[in-house]
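One chain, chain A, appears in both complexes that follow, with chain B as partner in the first and chain C in the second.
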Partner chain A sequence: MKWEKISQIFGLSLVAICFILALTRVIFREVESRDPNQITIRFAHWQLEGTVPRALDALAAEYMKLHPGIKIEQIRIPNKVFAMWSTTQLVGETAPDLIQMQALAADKLVRYMVPLTNYVYEPNPYNKGNEFENIPWRDTFFDGLVNAPSYNENLLELYGIPQTMHVSRVFYNKDLFKKIMGDTRIPQTYEEFQALCEAVKAYSKKTDTIVIPLAASRDSTGIGWTLFSSQTQKLTSKTDSINALRGKGLEENKIAFLKNELDIASPEYQSGLRIFREVSQYMQSGYTTLNREDAAFYFLQGRAVMTMAGSWDASTYFSQSPFNVGVFTLPLPSPNHPDYGRYVLGPITEAGLQSSFSFGLSRTSAHPEIALDFLKFITSKHGNETFSKIAKWLPAVRNVPLIDIIEGFKPVSDGFPSGPALSTWGPDVDRLINNNLYLLSDPNGSVEKFTAAIKPYYNEALISEARRNLRERLKNSARMDSQIGAASQLSLTDPSDQRKVSMLFEAQNFNEAGYYYVRYELKKLGISPDN
Partner chain B sequence: MRILNHSQTSSGGLLASLLRAAGLLFLWVNLCLNAYAQDQVPSPQLKPAWDDAAKLLFEDTCIKFEKAIKDYATDPLVLREAQYGLALGLINKQPKTEGNLNRANELFDTVQKTSLDDNMGISSLYYQGRIYEVHRAKISEDKALAIYRDLFTKYPTHPLAQMAYVKYGAISLYQVLPPDEKIKQVLSYEEQGGFLTSPDAQRGFHSLLSQVYTLQKLNPDKTLDHLFALEKVGVSSVDARKDMVVRLAEVSRLQNKKTLAIFYYEKFLNDYSWDSRRYSIQKRLETLKGTEL
Partner chain C sequence: MSLPISNRKALYEWTLYLLVLPSLALVLLFSYFPSISAIYHSFFDWQGGNMKQFVGFANFRKAFGDSILWSSFVTISILVVANVFKMVPSIFIAVLIHRLKSDKWQYWYRVILVVPMIVPGLVTLFIWKFFFDPNIGLLNSIINTLGIKTVLVNFDQFFGWGVFYADAPISWLGNPHLIVPALILWGFPWIGAVGVLIYLAGLQSIGQEIYEAAELDGINSWQTFLYIELPLIMTQVRLSLVLMIIGSLQGFGLQLLLLGPEGGAGGAGMVPGLWMFNRAFQAGEFGYACAIGMILFIFILALTWINDKYVRVEK
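Moving on to the complex of A and B:
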């Protein structure tokens, strides 16, 4: 009885203490925000990896030193709740000054974020004294800031400034590697990669320990698909009907499939599936049902020598592994490979990667000019170098030197585009492939079983995707009509709007040319373009 | 005109004079309205509504124009502009309904009743074509084609009528026809496009034809001609500009125009440092220069 009472008092006291602490914090923040001598700029993001907040803290500290009277505050929000949290903050007009950009709908961008387009044509003042001193801010970035979510192609406006770009790499357990392979170099060729995998299997058998070559999950099937697309590289010329040398992901690929110019049963696709299956045998059985965290645990527990992950996971692996971690680029079969070489053009290029981890300026910022200035500071050459060095992420700004540890993330620029893939065209095709992937990856499966399961339904899924794409194109074009009408009307008094009208017409006409082309090809094949 | 003719055929007298005077007054009012409409700038009261429409905020656009229609019911110029603006908002207001599209169509009709020949009248007709082409759940390309034909035949100098010619081409050139008819159709469309003076329409026209000639495998030389013309007019999207330069190089190479191909490959490498095609293009260039030597 007595104990019950004590525990009740203890519980209530705990609640009261928490309440007082929270209240003090809110009051303190409120008082601080009313202090005329103290300007506070807050920025929020979901990159909780240890090194990223540390890098941003370092930049904030440096900025505060340069600008006494300005306080920079970092708000870290878990990924899973960020979308909901940020929407609530934006709608409630309590959003921080700078906020990590996500795929916001156009109407939300317009209502809650400030377009930054006009600022990026001027040089970044924090680049004074370096080679970008007289270069427009946007041209200091690898990708020229033309990609989502920084740039919105419907609004033709830039809303975010990026910090990094990401690549996929093989992370490996250096200690285990040395134990198994001795002083052997890390794999430079596909043959050496295979030899490493075989050596790990042999080691596991010999020592009776559970060690597999590659920890994988349904999120890391990219390793198999990357190898797959090396086998279809030469088919790119068959789908380049517009003579623009573009690689995978084109609508022309769908058309080529429907016209039987591409075929899953063709030697190139079968070879791609064979290499996918081959590498799958070095992963955990049933990996296509596991999630990303499972693969990470497997690797961090030392039960796998390698895992394939994005460079965004680097800080987790580097800081949380009880062993030394190294990184290398997945070696693909060279054109001289006796079996797979005949379909390969060469290494797959990573030039053209899009930048990411962008911050946008919220409309409710009390000090937009200072928030923008901080954004300029962190994305200057010096700022981005500091970020890259501490976060161990690739820089988004050109000419930033790479520290040793991320040298392995340096994008491959001497290479050809990857070939047409099987699984990049949207929900119908993806569902078909993912539902049957076990037939390809599991020990009891085979290329033949997978092909037999996919082939009868593949074109049907492609047609469904093509129709969906046509509807999307029509919707985009239709939306631009009202925009064009309004911008034309506004351009009668403000000629600067005429540029927007021209850009909208250009985008609309390109979009419609694609729309009518796909309809034309479907009709020629006797397929109704409508459902 | 009909009123004047009618008055002239009437015998003299008071009635005839009154009719003549009324006719002259009607003509004068119409001329004034038209003259104003030709140079019509947005009414300052309606600017916030236009700003919303330019930013895709169609719900807000409609609310503001609806209010303006009530507030400026006695000001014919503002009223007409608000009706035009509301129609443009309604075609994209969500959820998209046939009711909204029908109302937009009626509002465009109303705008045209004041004058069909001024900027707003011609624009209204153009957007009626667009309603049939892309907005309705059941699109009607034939109706859109008829409106576009009407536009570029009657108002060939107006930028939207010229754009109607581009839209007309996009629909008709991608119709499935026997090969003989197809080439005749494309050549005829190409020849008749000489009247285009608006850069936006010229860009659309040359881009469309460069694609039609390539994708329908009709004539590579013509593809090149239209790509040159497109380069001259200019393209603002970076991605589209990159594609244009690569296509100029690739089509030149395929046509054995090595010097041209080399020029455009080098231009691409100089202008675009971050693109997945750079290495392929470097290799193309090395091969071409090797064969040139």
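Moving on to the complex of A and C:
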């Protein structure tokens, strides 16, 4: 009886303490946000790697020191839920002031984000005293802000300002490599890379330990697709009618497929699939069901000699592995390779690399001018240098010195563009490819089985993507019409708005041209452009 | 049964209605408004923003011709049937705990069952994901240690399944033929704490005199279960059945975490809820996803009605 009473009092006290603690926290938070002199700027992103939030915290602290009365809050959202979270926040008009840009559809950009195009032609005030003092903000970035997700080519508007650029590299376990390969150099050619993979397999068999050559996952099939795109390189120049020396646009490639100018059964695509399958045999069984964290787990546990990952993972691998980690660029087959060489132009260039980790300004921001000022601060030369140093990520701003640890990620500027891909052309194509990827990686699978599974549905999926694109373009046009109407009216009284009207017309023309191009080509092929 | 009151008296007690109003408003706002909004948006080509185009029944017509949606219903039907069988261990465990003579031990067994409930569902899912891992997972380790894999490989070679290979670990979630069996195996030994507690509540309401009468009639333990306990907890079983059907049809977290938003190899793990999620958040077709939600709602309603009408409990 006594014990029962004690336990009851204990339980009740526990509940009461928890309630009081929670209440205190809420009350204090409320008091904080009600301070009339304090302005709070919130920014959200999904980069949870320890070094990135630390770098952003450091920048926020520095900014708050410069601007007393302004509070900067960092919101970290896990990658898996960021798409859903950001969509609901934007739709619900509760989005933070600055939000990490991802592949937001044009209709969402127009509706929820502030175009930053007009601001980037002015110098960044936080670059005062350095070589960029009189240079437009845009030109301080290594890519001139011409890439997605910062820039939307359909809307001809800039919506985000980037912090970094990313490259993919092969991370390898230096200790294990030395144990298996002795003093052999890291692979410089595809043949050497294959030899390394075979040596790891032999080592695993000989020592009866679970060590695989490559840790992979369904999120990091990059190694397979990079090798694949080396095989379709020559197709780029074959279909590049204006010798633009770059890959065609997404829509053009889709249409090229529908016109049979590109074909999965073509020797180039088949060779690409063959090399994909070949490298898949060096990955862990069932990798198509694993995700990025699983691959990292394998590698960090010393169960894999290599893994391919983006430079964004560098800090994680370097700081968390109990062994020495090195990086090298994935060697692709050279034009002299006996099996794969005939379709290869040469090494794939990273000169056209896109900047990333861009922040966009939400339309619902209560203090857009301050949010923009903070964005200018963190993307100044000093801000980006601080970010790069602490986050251990490549900088997005020119002339920012690289720290030692990220030297291996310096983009390769020489080489040729990669060839057209097979996936990443929209959700329906991706689903078709990913659902059948096991046919390429299974011991019982084959290139022929994969092709047979994909080919009958591939065009159907492409048509679905093309129709989706048409719907989006049509909605964008409708939205832009009202913007053009409003801007035209304003320009009657304020001539400075003429430039805006001209830009809107240009964007509208571009959007409509894209719409009619796809519609015309579909109709010419006897395919209904509507559902 | 409550006593009838006059209209005059009911109107006189208007303050009571006022007290009910806040709860009613919250229920309408958080439960009914999203559902009504989903019905409304299912008639639009809507991508989640404020701009939408009325398309009438086009989303429903599209759904009727959507082979992935209907094959996902086949998959979920298999899982629902399997889940019916997966209810059995919980019933047995409830009976075993109920028959324990010591109240103290009954209490401790209940605690043991309830404690895992505080582990977040996501953690449980991650543990199962690790369990199924082809290379370092527990399931394959057990299968290899017990020599079951050799048997499976021999069967495979004999029947030509193309699923089990001697020189490769079993890819439970990477082979379309193994995905549904793996989803059925999930949760083994299928003892659900909530289910056990519901059945226990039912068992505890059985009067001692019934057991004594049965004992006098000389029935054995199995007969006690079959003729007394099971019929008398059928109300609880029926409740569990309804909750299980609704949960299974609506749920997709398991498939999303284990297989990804595309339903895994061959799309074998695609269920209607996951397809709805896929269309909304992968393809940005929110209007179509709402239409799928409506179809799902009709299925759940129909199954609940069938359950209510035909799964009778006669005591």
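Rule of thumb we're sticking to: the second predicted complex is superposed on the first by the 353 of 531 C-alpha atoms of A that agree within 3 Å, B and C clash if a C-alpha of one lies under 4 Å from a C-alpha of the other, contacts with A are read in each partner's own complex, and residues count from 1 in each chain.
The rule is short, and it goes like this: a contact is a pair of C-beta atoms (placed from the backbone, for glycine too) under 8 Å apart; a residue touches a chain by one contact, two chains touch by 3 or more.
Note that the structure is a prediction, hence the values are computed from the model and not measured.
Asks: With the two structures laid over each other on chain A, which partner does A:Thr289 touch: chain B (first), chain C (second), both, or neither?
Replies: A:Thr289 contacts chain C only, not chain B.
Asks: State whether A:Lys524 touches chain B only (first), chain C only (second), both chains, or neither.
Replies: first
Asks: Does the superposition put A:Pro443 against chain B (first), chain C (second), both, or neither?
Replies: second
Asks: Taking the superposition as given, does A:Pro401 touch the first partner, chain B, the second, chain C, both, or neither?
Replies: It touches nothing on chain B or chain C.
Asks: Looking at A:Asp428, would you say it contacts chain B, chain C, both, or neither? Reply first, second, both or neither.
Replies: So A:Asp428 only meets chain C here.
Asks: Go through the superposed model and pick first if A:Pro125 touches only chain B, second if only chain C, both, or neither.
Replies: neither
Asks: Output check: A:Arg479 vs chain B and chain C. Expected answer is one of first, second, both, neither. What do you get?
Replies: Both chain B and chain C are touched by A:Arg479.
Asks: Quick one: classify A:Arg218 as touching chain B (first), chain C (second), both or neither.
Replies: second
Asks: If you stack the two complexes on chain A, which partner ends up touching A:Arg111: first (chain B), second (chain C), both, or neither?
Replies: Both: A:Arg111 reaches chain B and chain C.
Asks: State whether chain B or chain C is in contact with more residues of chain A in the superposed arrangement.
Replies: If we count touched residues of chain A for both partners, the winner is B.
Asks: Pick out the shared contact residues on chain A: the ones touching chain B in one complex and chain C in the other.
Replies: Correct list for chain A: 107, 111, 478-479.
Asks: Using the touch rule from the top, collect the residues of chain B that touch chain A in their complex.
Replies: Touching chain A from chain B are residues 40-42, 47, 50-58, 61, 81, 85, 88-89, 91-92, 123, 127, 130, 134-135, 139, 163, 166-167, 170-171, 173-176, 199-200, 203-204, 207-208, 211, 214-215, 235-240, 243, 246-247, 250-251, 254, 274-281.
Asks: Can you tell me which positions in chain A touch chain C when the two form their complex?
Replies: Against chain C, chain A makes touches at 83-84, 87, 91, 105, 107-108, 111-112, 210, 212, 218, 284-291, 294, 298, 303, 427-428, 430-431, 434-438, 441-444, 468, 471-472, 475, 478-479, 531.
Asks: So in the complex, which bits of chain C are touching chain A?
Replies: 45, 47-51, 53, 58, 62, 133-136, 162, 165, 167-169, 171-176, 258-260, 262-267, 278, 281-284
Asks: Please output the residues of chain A touching chain B within their complex, sorted ascending.
Replies: Residue positions touching the partner: 106-107, 110-111, 142-144, 146, 154-155, 241-247, 346, 349-352, 413-417, 474, 477-479, 481-483, 485-490, 492-493, 497, 499-503, 505-507, 509-510, 512-513, 516-517, 519-520, 523-524.
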